[in-house]
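So, here's a batch of structures to check.
The two complexes that follow have chain A in common; it is paired with chain B in the first and with chain C in the second.
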Partner chain A sequence: MKSILKFKKTSYQQLVIVGVLLLIMAILSLASPEFLTTVNLINVLRQIVSVVIAGCAVTLLMISGNFDLSIGSTMALAGTMTAIFVTQGIPLPAAILMSVLIGMVIGLINGVFVIMLNVPSIIATLGTMYIMKGIAWVTTGGNSIHLGLGQDYTFLGRGFLGPFPLSILIAIFTFLVFYFIQSRTLLGKYTYAIGANRRTALLSGINVYFYGVILYVLVGLLSAFSGVIMSSRLGVGSASIGVGFEFDVIVAVVLGGTSLNGGEGSVLGTITGALIVGFIANGLNLMGIHSFYQDIVKGIVLVGAVLLDLTLKSKLSKT
Partner chain B sequence: MKIGRTIENDYLLEMLGIVKRYPGVNALKGINFRVKRNTVHCLIGENGAGKSTLIKILTCAERMTQGKILLDNKPFLGKTVKDAMNAGISTVFQELNIIDQLTVEENLTLGREHQRGGILLRNAPDPSFAVLKEFAPDIPLKARVSTLSFAQKQVVEIVKAVSADAKIVIMDEPTAALSRVESEGLYDIIRKLKANGITIIYISHILDDIFSIGDYATVLRDGEIVGTRSVPQTERSELIRMMIGKVVQSKYLPVKGKTDTPLLRVRNLTTSMIRDFSFTLNKGEILGFYGLRGAGKSETARALFGLDKIISGSIEIENKPVSITSPRKAMRYGIAMVPEERLTEGLFMKLSVKDNIASSNYRGISHAGIANKKKTRDRVEKLVNELDVRIHSIEQQARTLSGGNQQKVVIGKCLNASPRLLILDEPTRGVDVGAKEEIYSIIRKLARENVSILVCSSEYDEIAALCDRVVLIAGGRIITTLSNAELDSQRVRMLTMNKGVMT
Partner chain C sequence: MKKYFVFLLATLILAGALSGCSQPAAPSEPVAPAESAAPEEPAAPQEPAEEPAEEPLVIGQVFWGLHDSYQQAHQQQTAKYLEELGITYLPMDGQMKPEVQTAAMEDLIARGVDGIICQAYDQASMELSIKAAQEAGIPVVSFVNVSSGDVKYPSVEIAEEASAIEMGRIIGQKFKEIFPDKQVKLLTISDESVEWAHNQRTLAFVSGLKEVHPDLDYVFNGGQSNREVAYAVTEDVLQRDKDINLIFGYDAENGLGAIAALEAAGRGKADNYVALTEFVASVDGSTPEILEVMDPNCSYVATLGLRPKVNARSCVDLLLKLINGEMDMYETQQNIKVPSQIIDCWNMDIDSTQAYLKDEWEIDLDIRAELGL
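Then we have the complex of A and B:
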């Protein structure tokens, strides 16, 4: 009896998010005839590629009970560094690899500060956020780099593999990898264990420090990579690329049902959350609503969806 | 894990000359505690007797001041909780160390998964699964732990502890949160553990537990061992006598302020934790609530202070019905409470004594939202002097004070709100004997000044020394109410301790 209720409870949470997504899609397709077209849907998917790629890693990090505000800055830095490397004559693949490595180093620094030195994660990553943003501005001198990038530069962001846009395929691949990590690997299991009860995890002999740092490194890696893709899609290296991006990712993760206290959440939920955010922005664009209003709507949807989820949860636990 | 007959009488664990001093308190005064191999050894004693401290030392959660531990006749020199676990000492705590969000299977193998290259192997068998199946066939391996009952979670934790090659399993009041039937199930599991060669240290003060499964019982009191007995050859009454002791330090002094005019009248009060509580409290009277932890004492206090939701029943103050739905409202009716958890609920540890005491009543010392510095200082200093709080300045941080002085600050905070009814939940827990007496005289003085007092305590001596009348409770129900003259320690304890008698 009790277990049936519990089963319903978890599936309810998933249903709520999917329900919100479908509702938004229904409203938008009624409001705008262009909404439910292949061209438009692919356009939306392309726009959320970066959120999905970084969001996969951030989901695991947040399940483990930690937080990262430096995602957007890492993205900006990785994008500008790729462009700078290329203009310096370094081959594109090597440039991308080096930028991603920079991202991993940023993640490592965050991890060391938060996990090893016990600096609260919000403070530590707020610090790296400012530092990395600053470095991106300094290295570009405040300019956008779009000359001398070559034709290949935009392939990652705009190219196609057969009939499929490459960036979307990369996002799907990332999702599959993280879905596997979440459900089938030690890292995934320990992520939940650490987030749910760090002390128990420690007493069970889990190396909570190692896994804690690894998650930050993964976030750094994927934030940098999504920065590279974003820079490629826009065909420009600019320090202003990732502004506010961390909040887009966090909104998607939280909408997707990941608990800010850790221990709960899923990569699949994050994808749903990213789609909700993407569709809202797209739909409002199609309806010709100014982007200033989009922020207001985004905020309302975030708080509304979480509130709905909480209300349903407490109703269910009472029965 | 089976051991031969020849060393059957050998001691598996010997804790010798264990001394533990905390600043101002001698928690353990040179204890010799020996546990025979493959037995269930009960460790009993009242709160504060030193049971937990002894166990914390064994599990390396605390360092001993002096003494040595022999495990399997070899010195045990562990420094961390992990060392103790590796040496085969596992503990099943009251707050279970188990992760709700994972499945039973995942919990059992947590930290020692079957994996290859970081990828979990599906359906890999683990010896612990068979153990679980033997102990509790009704618990599905794939179930999420959050869907299990507390008793089932406890079984999972026990199985986890045993599978980690435990030699000794320590259980800390494991039946405290179990029903009678669930307790029986736990006894069965403990017998099976014993049959598998495991030694169990069983902490409890529930006599039914001890007489159902115990081989030996060691009684602790005030940091010393009163004695060790073979349970089958011992009478219940003897164990109780050992636990209680004969020395009663403080005597009951009837308070003169006591009247027969009721201040508080409670009828059929029911919350999720207590049922049908009816009692009255007169002006200037000290009323005690006595029972084990979780019996319903604190829960009554919480309901009266607006912390727990009242499901049914009525509360009258001075013959007027009142509805108490929040601490704010309770305080408006003149109720103040000294909560059980001084450190987390009673005090702002990082704030000064002055700010702590002032916090309960800024209205009286402020004008237009701005606190009057002089008024604050005067009032706090007056209370600090009255209560004899020993500090060098009222700017001193609360966390720097001793337990007794901290408790006086909490009382001062309550008095600052000039209550008509003061509720004290375990008023002298973690307080040394001297400060205890001082707190008792403060309480008596308040009663003389016509404040009504409600004391919740699980210490018999405290209730006997302070209270004009005592309400005995067990399992969320009132058993009876006795006047101080009718108090008889044996009978009171039998009534509240013996699960068998009350049901």
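Then we have the complex of A and C:
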């Protein structure tokens, strides 16, 4: 009975999120005739690629009850390092690989501090955020790197594979991999268990330290990869990339139904959350609404969706 | 979960199918061009187009960052001018983020606007977006940034460099008069990562100042476009070096942050426009800066006033030339250069300053009342 209720609750919540997405799409379609065009929808998908890619790993991390505020800085550092490596004559694939490895090392550092040394995740990753941002500024000397990157540098972020934008295909692939991890692997199952009750998970024999660190490494990996794609999309390596990116990702994850307390959530919900955020920003832009008002609308949607979620949870738990 | 997945997928497929039935707005017919911009003098008010086209033109603009008072004034002046011309306006905030600017440019291209005005935060990434717009047949005018050569487009430039050099000279001369025995000890609050502003404002000001004071002591360079940061930088530098006697902020936020820190330290004072311990100068010409400059008891002596009205109208006029086919969208040799206005407490009085504010910024300000004079 409990499992039926839990399934019902989860499905209901997720359907509500999709409902919110549909409602927003309907409103924006009516308000702006340009909203529901193929070109525009592809634009939105390309704009949320970085949020989706990093968001997949962040979702699992938040389900496990932890945070990472350094993803924006990791993104900036990986983007700038890729550009630097390429300008120094390193082939692009190797440059990407090295930058992603840097991201994994940052994730490992975060994981060691948070999981092994018990430093609160917000504090530890806030520190990493500043350090990585600083390194990105120092390595670029405050300038954006765009000379000597070559024609193929923008392929990852702007190129097409057949009729499909490559970056969107990468995001879909990342989602599928993480959907599989979340629903079909031990890492996924243990992530929920650790988030629901870390102590119980530990007593049940789950190596919470190992899996906790792995999740941080995955976040570092995908944040860095997001940075590589963003750098490619913009055609520059710049330390100014990714300012506030961590909040964009967290908003998408929370909108998607992931609990800030851990134990609940899904990567599929995060995709929906990212779509909601992307469509709102795009639709309001198309309508010519001033960015100051856009912030208000985004805030209202975020709080409204979470309130709706809480209300539904409360009602379902009473039934 | 599977049901949810299917539902989400169905939603996206439905949206895709519906989008296949929709087409982006067709580009509008060109309208008669407005008068060409007059870069050297404030543009005279333009007459609205006599025969508005059936489909009004749509012009989009991607700003550097609308948190800034100049950018807001520029937006208001553009909106006002385009309303006079019967053109729909889509302003977008770049939020000082290259990725946000890129997204805004993509949105405008998707919207099928007739032309775009943009000011790059990161020129290299913006040029990729300009190229994409041009490939979609949308002409682009750049404000401030000049074509690097890889992508070609016309620009409206702020001829700040010459004005900043001149302001450096004026301040250098006055410094000699007021502090004849002192060596200039200069603190610049600037941001090297914003290359164009740092070069055209800070370095230009320093070079003008050096013409008069070749032995000046250049103390520190740091800061962002942020008043709190400027306050902290000034506070910290004053702790270390109390002999600072000239502070230059590369925009309003930096100048105002510096004067606030000076006042907190019991400095920043003047006696009937004669500074007691130091000069403060900045760039932007915003109302708070002007009030400080016109205050006879404050050591804020000058600001380089941008001209939002002339700049806004010049951008629109140049873009209309491209839209109407009077100029090639890849033209790089006919850029418009708008000089800035030096507002200092020695050569401009309160009345002429109020006239500038009214004309350029649409601000009715009674400076005497504000300052209690």
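Here are a few things to note about the model shown:
To be clear about the criterion, the second predicted complex is superposed on the first by the 312 of 319 C-alpha atoms of A that agree within 3 Å, B and C clash if a C-alpha of one lies under 4 Å from a C-alpha of the other, contacts with A are read in each partner's own complex, and residues count from 1 in each chain.
Keep this in mind: contacts are C-beta pairs under 8 Å (C-beta built on N, C-alpha and C of every residue); 3 or more make two chains touch, one makes a residue touch a chain.
Predicted model only: the values in this text are computed from it and were never measured.
Overlay on chain A: chain B and chain C fit together in the combined arrangement. When the two complexes are overlaid on their common chain A, residue A:A171 makes contact with neither chain B nor chain C. Among chain B and chain C, the chain that touches a larger number of residues in chain A is C.
When the two structures are aligned on the shared chain, A:T154 is found in touch with chain C, with no touch to chain B. In the superposition on chain A, contact of A:L203 is made with chain B only, not with chain C. When the two complexes are overlaid on their common chain A, residue A:R233 makes contact with chain C while staying clear of chain B. By the touch criterion defined above, A:K189 reaches chain B but does not reach chain C. Applying the stated contact rule after C-alpha superposition, one finds that A:E264 touches chain B and leaves chain C untouched. Once the two complexes are overlaid on the shared chain, A:V243 sits against chain C while remaining clear of chain B.
Looking at the shared chain after the overlay, A:Q14 reaches chain C, while chain B stays out of its contact range. Put simply, chain B and chain C get as close as 14 Å, counting only Cα atoms, in the superposed view.
Those residues of chain B whose C-beta lies close enough to touch chain A in the complex are 81-82, 85, 97-102, 106, 110-113, 115, 118-120, 122, 143-144, 146-147, 149.
Of all residues in chain A, those touching chain B in their complex are 2-3, 6, 184-187, 189, 192-193, 195-197, 199-201, 203-206, 263-264.
Against chain C, the residues of chain A that register as touching in their complex are 10-11, 14-15, 18, 21-22, 25, 29, 32-34, 36-41, 43, 46-47, 50, 137, 142-144, 146, 154, 158, 183, 230, 233-236, 238-244, 266, 268, 271-272, 281-282, 285-286, 288, 290-292, 294. Of all residues in chain C, only 1, 3-5, 7-8, 11, 15-16, 18-20, 22-25, 66, 88-93, 95-99, 102-104, 106-112, 121-125, 127-128, 191-193, 195 touch chain A in the complex they form.
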